[in-house]
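What follows is a structure written as structure tokens; I'll ask about it next.
Labels run A, B, C and D following the written order; every chain starts at residue 1.
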Amino acid sequence: MNKRIYLDHSATTKVKPEVLEEMLPVYTEYYGNPSSIYSFGREAKKLVDQARMRVAKALGALPEEIFFTAGGSESDNWVLKGVSYANKNRGNHIITTSIEHHAVLHTCEQLEKEGFEVTYLPVDNYGMIRIEDLKAAITDKTILISIMYANNEIGTIQPIEEIGKIAKERNIYFHTDAVQAIGNVKIDVKAQNIDMLSLSAHKFYGPKGVGALYIRKGTKIANLITGGGQERGRRAGTENVPGIVGLGKAIELATENIDSYNEKLLKLRTKLINGVMEKIPYTRLNGHPEKRLPGNANFCFEYIEGESLLLNLDMKGIAASSGSACTSGSLDPSHVLLAIGLPHEIAHGSLRLTLGDENTEEDVDYVLEVLPEIVQRLRDMSPLYEKVKGGK
Amino acid sequence: MNKRIYLDHSATTKVKPEVLEEMLPVYTEYYGNPSSIYSFGREAKKLVDQARMRVAKALGALPEEIFFTAGGSESDNWVLKGVSYANKNRGNHIITTSIEHHAVLHTCEQLEKEGFEVTYLPVDNYGMIRIEDLKAAITDKTILISIMYANNEIGTIQPIEEIGKIAKERNIYFHTDAVQAIGNVKIDVKAQNIDMLSLSAHKFYGPKGVGALYIRKGTKIANLITGGGQERGRRAGTENVPGIVGLGKAIELATENIDSYNEKLLKLRTKLINGVMEKIPYTRLNGHPEKRLPGNANFCFEYIEGESLLLNLDMKGIAASSGSACTSGSLDPSHVLLAIGLPHEIAHGSLRLTLGDENTEEDVDYVLEVLPEIVQRLRDMSPLYEKVKGGK
Amino acid sequence: MYSEKVMDHFTSPRNVGEIENADGIGEVGNAKCGDIMKIYLKIENDIIKDVKFKTFGCGAAVATSSIATEMIKGKTIEEALKLTNKAVVEALDGLPPQKIHCSVLAEEAVKAAIEDYKKKHNKQ
Amino acid sequence: MYSEKVMDHFTSPRNVGEIENADGIGEVGNAKCGDIMKIYLKIENDIIKDVKFKTFGCGAAVATSSIATEMIKGKTIEEALKLTNKAVVEALDGLPPQKIHCSVLAEEAVKAAIEDYKKKHNKQ
């Protein structure tokens, strides 16, 4: 394959050279255990502390409010279980949304089995929660509101500041899964009244297998992984020092360059969306028209199925993803696409293209050249499309 | 500092060049998400599967019995909580030892708070459990026996095969924390009747922040981290592909070279132990004289305190560790040293030297030159030593 | 994920299309589940002279439809009725576990088309 | 972890040793907890003419003993009694939180030695 156009930055990203550069000496030189008191244990500790400061700065938090984890899923699990178990005496009710990542949803389902009650807020056709719904869902027993910052499939960005204000007024912990938001939107956990925030390095050009959880000072939360005294006794396990260093550098770059990155992606995405909508009939754009991640474009092409589309794109060197049931290995298409009101048959035909750092105008041109042909070819093969052609 | 002699291989190890070499292209080329269906998602998946096969081979397990985690602590947490929660209906009793790593001990304490009952088997002066104690501890309600393969402080190796046999006879799950054992002892989970086994890559020249759990097919165990369908639905979170690749290569090297590695370490350690015991009076060797990890030497020097010793060694370029209370930040010295019957004041004066790959005879000579002076200097400063000098 | 054979049939599916005035048409699956297969048969003297298909579905759905049409073309309807999903899977050098249902659909689509033929021609 | 000042006092502790026929000796801490400090005083006209220490303990224990002896040498016993653990910590440019207790021990050891002097010389 000659061409390779990566358009799946919401799935994962390539580690930036500057990030890898900071990580490498950690493997070969500063390999000490940060808990050790000898010199190069202390060096390793210093590197971890520096990374912690970088994360804190990027979020408007204090360094002592940052805890490193193995990724977004661990961070989400920690919050949901940790807050639920530690605040049982105050209540057993959690509010979240129907479009969260599975790391939140499946953990909530687990908690329901254990006797907690969970409200899954619905969303509108754009994937937005309604503030009235949130207010109406709060009860005396509500201990946690967990609402994602930006959705990984359709890119819709929630009104985080408003949610934070309500949570604060009602004295309820507010967690946001910001795994998709870092580097794309400006975050200030204090101004936005966020009590906990999950992030994962590989979504912003850092390494896989490392993430962080911001926990506002004073928050009551039980540990998820118990053992050694690392992370000030809150998360056991020898620190993934190279990963943490990579995360620190990556979040620094991501937040420093946020404006130019946004501008670049928005330009490319506008071209992509306009081109697709113009060239391919029977197509819908999923997600909010403006309040969405700058790199996210999510379409449904009627009468065809997503996996076939992905395979054809892959043969043309284009890496993309779909909310079709076939790609997830489940029987139902994406819960997010169903939650925004799409019928199953339409949801099966979805395509997510997420732009990133290395994409160019040429990439978009290429997609616009290749995609319409592929869609047409699949439609010509589709028994559902016959009826359309036949004018029915 | 010119000289740097690393003698803390039980704390962590340096990534081997061959390991790093296999990891690097994963950062820069095979950065796809293994769950994606396009070509370089599939490439990443292939790499993960290859690593899984390597781990399986090293343990005598099947590839589908290997699950990647973020390290030894997560693996231990997963086993203890997962088995306890999933087998509640069968019983609520766990048997472990008093010398486990905190990842096991603190998790057991957590489970005790939740209503489980835990028997902490005592050990003899060498750190060995007694098989009779184990047998006597088993009740109708016992659902799990968790006994570490080799101790991280004193290196003592437990009679794993005998324990496995008993567990099997009584139809109780047997987990072993083999974090310290990999690459040092030969493991065959089927022959030894091990149902679950924890390991952590950075203890055998692999990267930090990645580990694995072997779970025998058919074992009832709940998930610890829920969310996406990775690891066949058993451990959520985007796979740490570079870390997993590094773990796979590291365990392959570690098990291939086990005999020569053992021989090398044993030779150096014999020299080290003999030299220390000859040159420094009022010294004890902790742990079992033979049934111990090949690289492990653990001493108590009476009348002095461990942290002072470590700081002095560090100034001479020697990286070591101690079970003294001061280094752990707690008030009591190592629970392991207390469990083998050492009085507090003696346990405070412990020193652990753990040999590894890059150590040489010269390193040992240097330690034998430097250590006696340091011990003498600290003793001269110690009010406890006065009495000895005075002949009392 | 997919065998070369599957990818071959997916990228160059055989017998795509419709047959006008087909002697038998079978449609199985439903859009809600993401798979629909429609098979058209031209039959003379109980022999399948021509076969075409249209499929809405994933790579495996397309490939199983394609190979199934190849496997029954030129066969008697008796022989075609013996087509099993297992034979389809084998002919494709295997399918991932979660895609086995596609081969079942292919078998069902062939049977439905023959059924339709029989009904229309009072062969039952 | 430790400040340069701490490391300086740890690596080159001042006033290590014993004083024969000391006028006052104070010993605090216990081996079980891993810290013992013993301070010897030579006192003339209520002025601390000489001071020595012996310590069993961690880096901070040695450093606090060392600097405490420096801080009281040449002082009157009145002045020496005013030595606080806070002053010791400050003189060392700080200590890690879990090591603050060492500075408390140093203060206590000085006080115990002066106490012993007073008792022996009927100054109470």
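Convention: a residue touches a chain if its C-beta (ideal position, glycine included) is under 8 Å from a C-beta of that chain, and two chains touch if they have at least 3 such contacts.
Here is each chain with its UniProt name: A, B = Cysteine desulfurase IscS; C, D = Nitrogen fixation protein NifU.
If you're wondering where the values come from, they're calculated on a predicted model, not measured in any experiment.
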Practice item. Please give the intersection of the contact partners of chain B with those of chain C. Key: A
Exercise for review: Would you mind checking which chain's C-alpha centre is most distant from the centre of chain B?
Suggested key: C
Point to revise | Inter-centroid spacing, chain D versus chain C (mean Cα positions, whole Å) | key: 92
Practice item. List the centre-to-centre spacing of chain A and chain C in whole Å, with centres computed as mean CA coordinates. Key: 40
Study note, to complete from the structure: Whole-Å distance, C-alpha centre of chain A to that of chain D, is 57
Review point. Whole-Å distance, chain A centre to chain B centre, using C-alpha means?
Key: 34
**Study point:** Per-residue overlap in chain A, given as positions that touch at least 2 other chains
**Key:** 37, 307, 311, 329
Exercise for review: Give the residues of chain C that touch two or more other chains, as numbers and ranges in rising order.
Suggested key: none
Review point. What part of chain D is in contact with chain B in the complex they form?
Key: 7, 10-11, 13, 16, 18, 27, 31-38, 54-62, 98-99
Check your understanding: Across the complex, what residues on chain B touch chain A?
Key -> 1, 4, 8, 11-15, 20, 27-28, 31-33, 35-41, 69-74, 76-77, 101-104, 106-107, 110, 200, 202, 207-210, 224-229, 236-243, 307, 310-311, 313-314, 318-321, 327-329
Practice item. Name, in rising order, each residue of chain B that touches chain D in their complex. Key: 303-308, 311-312, 315, 324-326, 329, 331, 333, 343-345, 348, 380-386
